[in-house]
Amino acid sequence: MDYLALYVTIKLALVTTAVLMVIAAPIAYILAYKHFPGKSFVEALIYLPMALPPTVIGFYLIILMGPRGWAGGIWESLTGGSLLFTFLGITIASIIYSIPFAVQPMKAAFQKIDRRLLDAAYILGLSKRAAFLRVIIPNSVSGIAASAVLVFLHSIGAFGVLLMVGGSIPGQTKVASIAIYEAVEMMDYSAAGFLALGFIPISYAFLLLVNRLNEDSRT
Amino acid sequence: MDYLALYVTIKLALVTTAVLMVIAAPIAYILAYKHFPGKSFVEALIYLPMALPPTVIGFYLIILMGPRGWAGGIWESLTGGSLLFTFLGITIASIIYSIPFAVQPMKAAFQKIDRRLLDAAYILGLSKRAAFLRVIIPNSVSGIAASAVLVFLHSIGAFGVLLMVGGSIPGQTKVASIAIYEAVEMMDYSAAGFLALGFIPISYAFLLLVNRLNEDSRT
Amino acid sequence: MTLSATLKKRLKYFDLELSFTCPTGRMMVMIGPSGGGKTTIIRMLAGLAKPDDGRIIFGDEVWFDAGRCIHIPPQKRRLGYVFQDYTLFPNLNLYDNAAFAAVDKKEVDVLFELFKIDHLKKRRPHMVSGGERQRCAICQALARHPRLLLLDEPFSALDVITRRGLREELKNLKGKLSCPVIYVTHDINEALFLADEILPVVDGKNDDGWLQRTITREPGSQAVSRGAREPRLSLVY
Amino acid sequence: MTLSATLKKRLKYFDLELSFTCPTGRMMVMIGPSGGGKTTIIRMLAGLAKPDDGRIIFGDEVWFDAGRCIHIPPQKRRLGYVFQDYTLFPNLNLYDNAAFAAVDKKEVDVLFELFKIDHLKKRRPHMVSGGERQRCAICQALARHPRLLLLDEPFSALDVITRRGLREELKNLKGKLSCPVIYVTHDINEALFLADEILPVVDGKNDDGWLQRTITREPGSQAVSRGAREPRLSLVY
Amino acid sequence: EKISVAVAANFISAFKEIAADFEEKTGVKVEATFSSTGNLYNQIKNGAPYDLFLSADLERPDILLKEGWTEGSFVYARGKVILWSADKKFCRAVTWHEALKTGKIKKIAIANPLTAPYGAAAKEALIKSKLWDNLQDKMVIAQSIAQSFQYASTASVDAGFCALSASVNPEGLKGCFYALPEAPDVVQAACVAKNAKNKQGAELFAGYLLSEHALKIKQKYGYR
């Protein structure tokens, strides 16, 4: 069993989830509460990474993060290194790939908040920012948990995008899904099956954790 | 531009979304309200299609739906036809692939329902089933909308699974993501890019629709 | 049909323990200090909470019996219950709320007129005032022809005049309803006006002296020291 | 600091239109029929709703001026507001709710003792009775040292004795608070006891005769025909 | 009347043109599924009703023969692996070995030698030239030969081992390439299913694949 690949997978999924929870919250807030022209269009763009086939996203990410793309170019001029084929590179890819799954359930949760709670918060002098942090977030725990579950599991299972921008470098960018793919192509079906079985305990453990947190917040 | 492939894609996504909304609701209800031993484990299994790389799911679906698999075997003995490489086959694959995205946001929404509303429903004589249909569902519209958006867009973008079980029969199983794949393999990047652009108006239109329904339910 | 209940429940700060009966067409009014257990009692009668011990019998049906492990769920008790915080379904307008479980939808119109909210039929609950919400909740409970009516401070959000009017309507209705009515209030006038029987609940127990002490400011009751500073108004409202 | 307000707002069934002033240390009690616009007025003072026209001036600050398009948001008005449905944050226990915006957390303990809920500090709102929730909401409002206190039926869920006690406490507090207090109630005794001034609100207008008509059952008022059937109780509670 | 064909993805372009010709000439409709050889093999193993399988290697048709799916295989194309770069300056060196040795080269793409026949061929050339070990830390592994070209054409890598067919398409013409004399031909074999639904049509198409006309098309796309 390719333990190194499983390790990279888990690391990638955890980093992606952590980063996305922070990025997605304000985006979801804006989508839930603000009105501005072209909002639906912006929203559609945010969800696009989900609608596009992963290989298409991967293809555009290569262009963007390659030495001739602006992201890759800036990165190279700053660090001298390449963004593609590094752990950082697949992390960025995985984050972009999973944004919609982070944003959508959070938005739904924020929309469900009882308006009277927000009224009460404003009366108590909270700025919109403070009300967001102290009222909306704590009262949306189950929606945020939904986000976290979706993002974590989705990053674990990410394949097409990482196949494009990863380059299958052991310990760096070779995640378990790629290892499985290689095993299938080599007709080593039992290795593929074993590796696939490895996903069950991982997702099980993560779900237990999230459910625990979720329940704590409600008692 | 391959309009036929786009048409199949939209049809597939709509059917998948419609079917999944119906299937996922009771599952989400059980996960949100019932307690039974091994619940977390069952939940983890339900979310597995998300955690597994699409190619792995496709791999097992082929085995299952092939003439030697039990699903394919039963189907063949009933209809004489094959399940693989038909529109029905990719629809089943797409449904399994998207189950987690349907279940998780609904579960979160159901959990957020004010318990007092359920108390009131029971007092008014509603069975659990009736309370589910008349109280829980109408008060979870934003969560259900989140589900629908995720499922629809996710099925639009589905690729790995369909590549495995679909074949690429025009008008039947050749969806846009597969057409893009073929264009990329032929190194015809501009055709791929055009087809990818087709996803933007589709997801935009669907989002507009869901947002409209969502807002209607709240005024 | 007579409701008779013997209830025991361990709460955090006191044990609830009391029993009472209430026959059809009679109204029992529960009164007592805040946090004394009135809502808890009502919830047990409704089947939303389980007593630790005791029995609830309605006519010849056993609704709850701790010894025999019987617990009929609220769905099967067919009651009307106006919650203290007058829960309405936020997704429905007032009319649909009241018609939600109505035996005959036509009655809803009559009730809405009686309770003076027929102009608000199409409004959602968050678009009306507190007292209007409360009146809708009463219509909802009555429209389903309950076998037992539980009213937890149904008029708390109403002004004096409306309240007095509705109180009268309720008294008239009581005869037509032919079911036992349990009514929780803080208003002693209301209790005296409506009650066929008064059940003072203090710290989970039936405390028959409470009403007397409160009204007559018996020495030693909290009312004295505080009440003394109060202007003595004798409004007959 | 004096609050003075001139408010106009078009509602569905009547137009709200009235003006009043209330200086520091004084309590103005609003009273009137259900659905008459009391809560709407309070929400406008709080900044949660906008009048269609008029002005709200607090001391030398302009909080609202339709003509000059000034609208200070609720955050900047620094007020205490006890909602009619006593909204508390469901994710916090009672203590954290009251301390949520407290100037000095130590005061919360004092307030909890005063309002007799110090044993419930660690409970979440859905685990306490309606009256206990309401008292916590008052503590929350007081703990933030408001410049203006708005109380929308703060004692509606309380029993007579608790209510009378708290009413006294409030009267005492009023002096120490040194801010204008606007108080909505249905209880005429309470209004007479607490008020430095009474503002009867009927269908959105100041109707000075309403109180008189209600109390004295002036002929022609609804009170007569209905009240006549009512037993004449003269409880001084 | 139609036949269904499973085609290794690297052969898509040539195949589509050949199939179009074939349809026109015979009236038999060709339904094609393109995917990686490994995936197609897996589908066949699980009962996919293909009449004809165009693999990217010799191995898979061999296995299918042993498993009794087919009665025999034939070679339908020979591909060549090349070293391609989007940067025309790359080709100024005399040999591909020197081009790879310059310090400017930081990353080289190669299709996974374990799964892709083109990758295996490239690896063999590198080993023969004693470059394989030195270049290990510059290697980026692509999962297919098309992906290796994607990396190279987007300049994500400085150069990539690609199929000769890549050099002749419009995107490929924008760059430059070296042929690799050390690399063996990539031999692609095909086989007809024993129990094909339309065995006649499949055999007709198999024959057409080897015809003069088809050969011209294959050459146009860089196959022999």
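Couple of notes before you dig in:
A, B, C, D and E label the chains in the order they appear, each numbered from 1.
Here is the rule we use: contacts are C-beta pairs under 8 Å (C-beta built on N, C-alpha and C of every residue); 3 or more make two chains touch, one makes a residue touch a chain.
Keep in mind the model is a prediction, meaning the values are calculated, not measured.
Common neighbours of chain C and chain E (chains touching each): B. With contact taken as defined at the outset, chain B and chain E are each touched by A. The greatest centre-to-centre gap from chain B, using C-alpha centroids, is found for D.
Summarising the inter-chain layout, the chain whose CA centre lies farthest from the centre of chain C is E.
Distance from the chain C centre to the chain D centre is 25 Å, each centre being the mean of its Cα atoms.
Each chain gets one centre point, the mean of its Cα atoms, and the points for chain B and chain D are 51 Å apart.
Put simply, the C-alpha centre of chain D and that of chain E have 80 angstrom between them.
In chain B, the positions touching at least two other chains are 55, 59, 181, 184, 189.
In chain D, the residues that touch at least two other chains are 85. The set of chain E residues that touch two or more partner chains comprises 39, 42, 150. The list of touching chain pairs reads A-B, A-D, A-E, B-C, B-E, C-D.
Listed in rising order, the residues of chain B touching chain C in the complex are 114, 116-117, 119-120, 122-127, 134-135, 138-139, 141, 217.
On chain E, the positions that touch chain B within their shared complex are 4, 9-10, 12-13, 16, 31-35, 39, 42-43, 46-49, 144, 146, 149-150, 153, 166, 169-172. Every residue of chain D that touches chain C in the complex is listed here, in rising order: 13, 31-36, 39, 84-85, 119, 128-132, 135, 153, 156-165, 168, 186-189, 192-193, 214-215, 221-223, 226-227, 229-237.
Residues of chain B touching chain A in their complex: 40-41, 43-45, 47-48, 50-56, 59, 100-101, 104-105, 107-109, 111-112, 142-143, 145-146, 149-150, 153-154, 156-160, 176-177, 180-181, 184, 189, 192, 196, 199-200, 202-204, 207-208, 211, 214, 218. Chain E meets chain A in the complex at residues 36-39, 41-42, 106-107, 109, 112, 114-116, 140-143, 147, 150-151, 154-156.
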